[in-house]
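Naming follows writing order (A, B, C and D), and every chain is counted from residue 1.
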Amino acid sequence: MNARDTALDAGFGERWTRAMTTAFATEADRLGELDRLAGDGDFGRNLTSAFGRVQQEVDAAGPTTYAAWLTCVSRGFLGTGGTSGPLFGMFFRELARCSTGDEPTVAELGRGLSAGLATVQRYGKAQVGHKTMVDALAPAVDALGATDGTLRGAAEAADEGARSTADIIAKRGRASYVGEASRGVLDPGAVAMAMVLALAADSAS
Amino acid sequence: MNARDTALDAGFGERWTRAMTTAFATEADRLGELDRLAGDGDFGRNLTSAFGRVQQEVDAAGPTTYAAWLTCVSRGFLGTGGTSGPLFGMFFRELARCSTGDEPTVAELGRGLSAGLATVQRYGKAQVGHKTMVDALAPAVDALGATDGTLRGAAEAADEGARSTADIIAKRGRASYVGEASRGVLDPGAVAMAMVLALAADSAS
Amino acid sequence: MRRSLVNDPDDLVVEALEGLALAHPTLVRHDAEHGFVARATPARDKVGLVSGGGSGHEPLHAGFVGHGMLDVAVPGAVFASPTALQLYDATRAADAGRGVLHIVKNYTGDVINFTVARELADEDDDIATEVVLVDDDLATDLGEEPDDPDAPGRRGTAAVVAVEKICGAAAEEGADLGSLAELGRSVAARARSMAFAIEAGTHPGSSRPAFDLDADEVELGVGIHGERGRSRVPFGPTDELVARLVDPLVEALRPARGSGVIAIVNGLGSTYPLELYAAARAVHGGMTARGVRVDRFLVGSLVTSLDMHGVSVTLLPVDDELLRLWDAPVRTPALTW
Amino acid sequence: MRRSLVNDPDDLVVEALEGLALAHPTLVRHDAEHGFVARATPARDKVGLVSGGGSGHEPLHAGFVGHGMLDVAVPGAVFASPTALQLYDATRAADAGRGVLHIVKNYTGDVINFTVARELADEDDDIATEVVLVDDDLATDLGEEPDDPDAPGRRGTAAVVAVEKICGAAAEEGADLGSLAELGRSVAARARSMAFAIEAGTHPGSSRPAFDLDADEVELGVGIHGERGRSRVPFGPTDELVARLVDPLVEALRPARGSGVIAIVNGLGSTYPLELYAAARAVHGGMTARGVRVDRFLVGSLVTSLDMHGVSVTLLPVDDELLRLWDAPVRTPALTW
């Protein structure tokens, strides 16, 4: 059996969601600081408020399936402003839509990531190298799409992609207004996307 | 024949008007400075603009009688803002209205001054001692009203009245807002009124 | 450092009036020769309504010329009364045979110049005139006897908008001069206003506000000509600052529980709508807490002091008849409903 | 030092919306749960018009909700896009069965959130939607190809008022979604705007303007979110500064001699009426000198940037049909005729 057909157990959606909630609560300030250095500084607050809403959605909806958990995450982001809100929101919406049963497979997750990337690009019109979350997401999609691709491998590719944003100038988002000043600063959205994937890998095992 | 029945010759209105125009052109700055010290500083400019308008009225109306000349002066002031504009305007209007023929008499002028004072007080509600033009005008009216009162005597009384404004605090007009700060400063309206009377005396002879 | 957009500061008022007439040609015309703004189409068979005063308070008064409000507005230079002759000419222009009502904010220069204009109109043209003196500013209420000749009395501020609107509606309905004057006086007598500022306005051509405030200070009881207020109070949240206006107004007017008022929440120049509507909410809260209804709100920068940053609140206790006149149609550059 | 009147800066927008609804209860209501402002009485049997964007630009957009203009306005936090869910809920509220038109100023966040809302409305509720993107700011016109995916395109500014007014009138007449979208796009495509500022706005809670200018400097081509402009030019008389707006606009639009435009002369926040109407006069002069008629003027602080001190000019070449729609009745908190 190919790793990509691995069923992720029924608790995966909940574990992942809770792991993200915990991790971003801790990391919001650091990510906000990156946005302050080369953007408008609201990314940390956007994240905090998104996961506050995720919790409200969870409380209200009482999700039981993987898709239902991810729908809560999606709505949390869609109810948050900025550019990252709708992009992450529609990203997670695609993940939810690519799941057909209670227990998603890695392949489904892979298709979801791929659809999510397409959606993010459709809205944001960013290519790899534009210093956005796409720089983390696109390599992850590639890695998981490869034969024997694993979630862990995808997470590692995302991490590498996020690191690569330090050396480039932003071409999208608020950071694109500061030009050279964005060089040397990691893109917070890319870092966040890499965290999302790392936490998925953590939650799968 | 009592001095008060003296006819002032037909040229009196013109001479007086021209004398005022010349004198205030020279003195406007000094009077404006007094208003700056204890008022809002626009008195000089108001005077200049009033006599500019007087000239326009003269050009337009081509006055020949004393009453017509003084009507031009009145309209010049009535077309000027501030508090002094309408007060001087109605003052000169009363002078014009108290003349019955081409050649006014000193008695008519006296009645005019007296009606003018009443008008100024009706509008401005100022009493002697309130540090306004009334402090110059009232003693002049009294002086001219006395048996054997002369224009020169009235002018001297007005001058004395104007000087007395240095020692008092304003109770009317913008200067009343500055309280103690107005002490020591001559009231520009009173000085101007004293000049008006001095120039009348000059023009009569 | 503050700056104003001007060509020559001396030309600002006239240029703005020209602009007003160009922008609203169907509503108003600018009579440059006589220095007033009149309705584009003069009204017929009604009492003429004239108001005016120093400029720098726009949209007051020229912005209120039109159907249901003023017939003629007479602007002076910035913060300076229009002249008696301007007002006289305006009075003649406003007369349609049924007399002219002067609506005058209580300031010495305005009062004198309007009075002279009325006397000239009466003597020279036999035009019947009446005057409504608006003296709503509670900050200048020193509790003098109304007839004290030594007392300048309360200043006239934003309540003038209510007087113009309500008398304007009644005039449009055909009310005669005497009853209009009575109506206007009763509105003026009922209304009180109070203002605070967190920054003074800056005279066109000048580079400094009329007075300076520290970061923790607010000027309370401020006027609209750059004069200082009655006291300085600590800077604080909107709700607290608005309460400093509403509390004394309620104290003075003592509206009964269950009664209603018109509230004018007025920006003094550079107060922006978010601030102003949040202030309106605070006024509403203050009145509701006292069991008083705000039957109508007028929220906007209507009686300004150049670009002063602050708020005035006017409360006018009303009955059904005043509300009916308030609600009557109005069509002017600055107020239309 | 600048200050704003606020309670908690985070509450300012919501408090102001509450105040707006209290002040205009017959016109608008504030849906606090979903975060939008809607007509007090929903319209029936017409295409719903929704606009929105960051706050701080009042009276835009909530002040334009009412008969003849918007059905729902969706405010974000100050200078921040409303969320996709807000816009989705607003879209559902605006739908009266004939679909919903989104009028969107061109800013990345707004564009994305509105797009998401439309997809949600389409997928989840089967509501037909269309969008008009308003991108009138000439200062951000870098001459890119309109389809260049790498180009953010021109910013959306005061022309949005014209789009809302004109589409609002057509919607009221019963136009269908497709033709409304076409109409709106044609208005947006024709209109261009340009702004300058002599002082930046100050964020609520902050004590400094978004950027500093020296006494002899003017920020030309300025945006409405505190971003810097395209260049700095010397301070000078109004006529000269206004020419710096009108000249490039005319250059870009090339209106024919004998043709007509609608001119929106817009204050950016603390520009006071004397300044603004003098600027309108200058715009009129500039157009007249080129043989172009200003068929209609809209002068006021309508699309602001908090208390920014400056002016934007929008020119929209018009034909009789656009004038007819422009003149159609409108009844909103901020615009009524």
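The working rule: a residue touches a chain if its C-beta (ideal position, glycine included) is under 8 Å from a C-beta of that chain, and two chains touch if they have at least 3 such contacts.
Just so it is clear, the model here is predicted, and its values are computed rather than measured.
Under the contact definition, chain B and chain C share no contacting chain. For chain C, the chain with the farthest CA centroid is A.
Distance between chain A and chain C, defined via averaged C-alpha coordinates, is recorded as 57 Å.
Chain C and chain D, compared by their mean Cα positions, are separated by 30 Å.
With centres defined as mean CA coordinates, chain D is found 33 Å away from chain A. Inter-chain centre distance (chain A to chain B, centres taken as mean C-alpha positions): 86 Å. Contact with two or more other chains is made by no residue of chain C.
For chain A, residues touching at least two other chains: there are none. With chains as nodes and touching pairs as edges, the resulting graph is an open line. Shown are all chain pairs that touch, namely A-D, B-C, C-D. Residues of chain C that touch chain B in their complex: 76-77, 80-86, 88, 108-109, 112-113, 115-116, 119-120, 149-150, 227. Against chain D, the residues of chain A that register as touching in their complex are 42, 75, 78-83, 85-87, 89-90, 123-125, 171-173, 176-177.
Partner chain D is touched in their complex by these residues of chain C: 1-8, 12-13, 15-20, 22-24, 55-56, 58-59, 63, 78, 198-199, 204, 207, 215, 235, 237-239, 241, 265, 269-281, 284, 294, 297-299, 304, 306-307, 309, 311, 331, 336-337.
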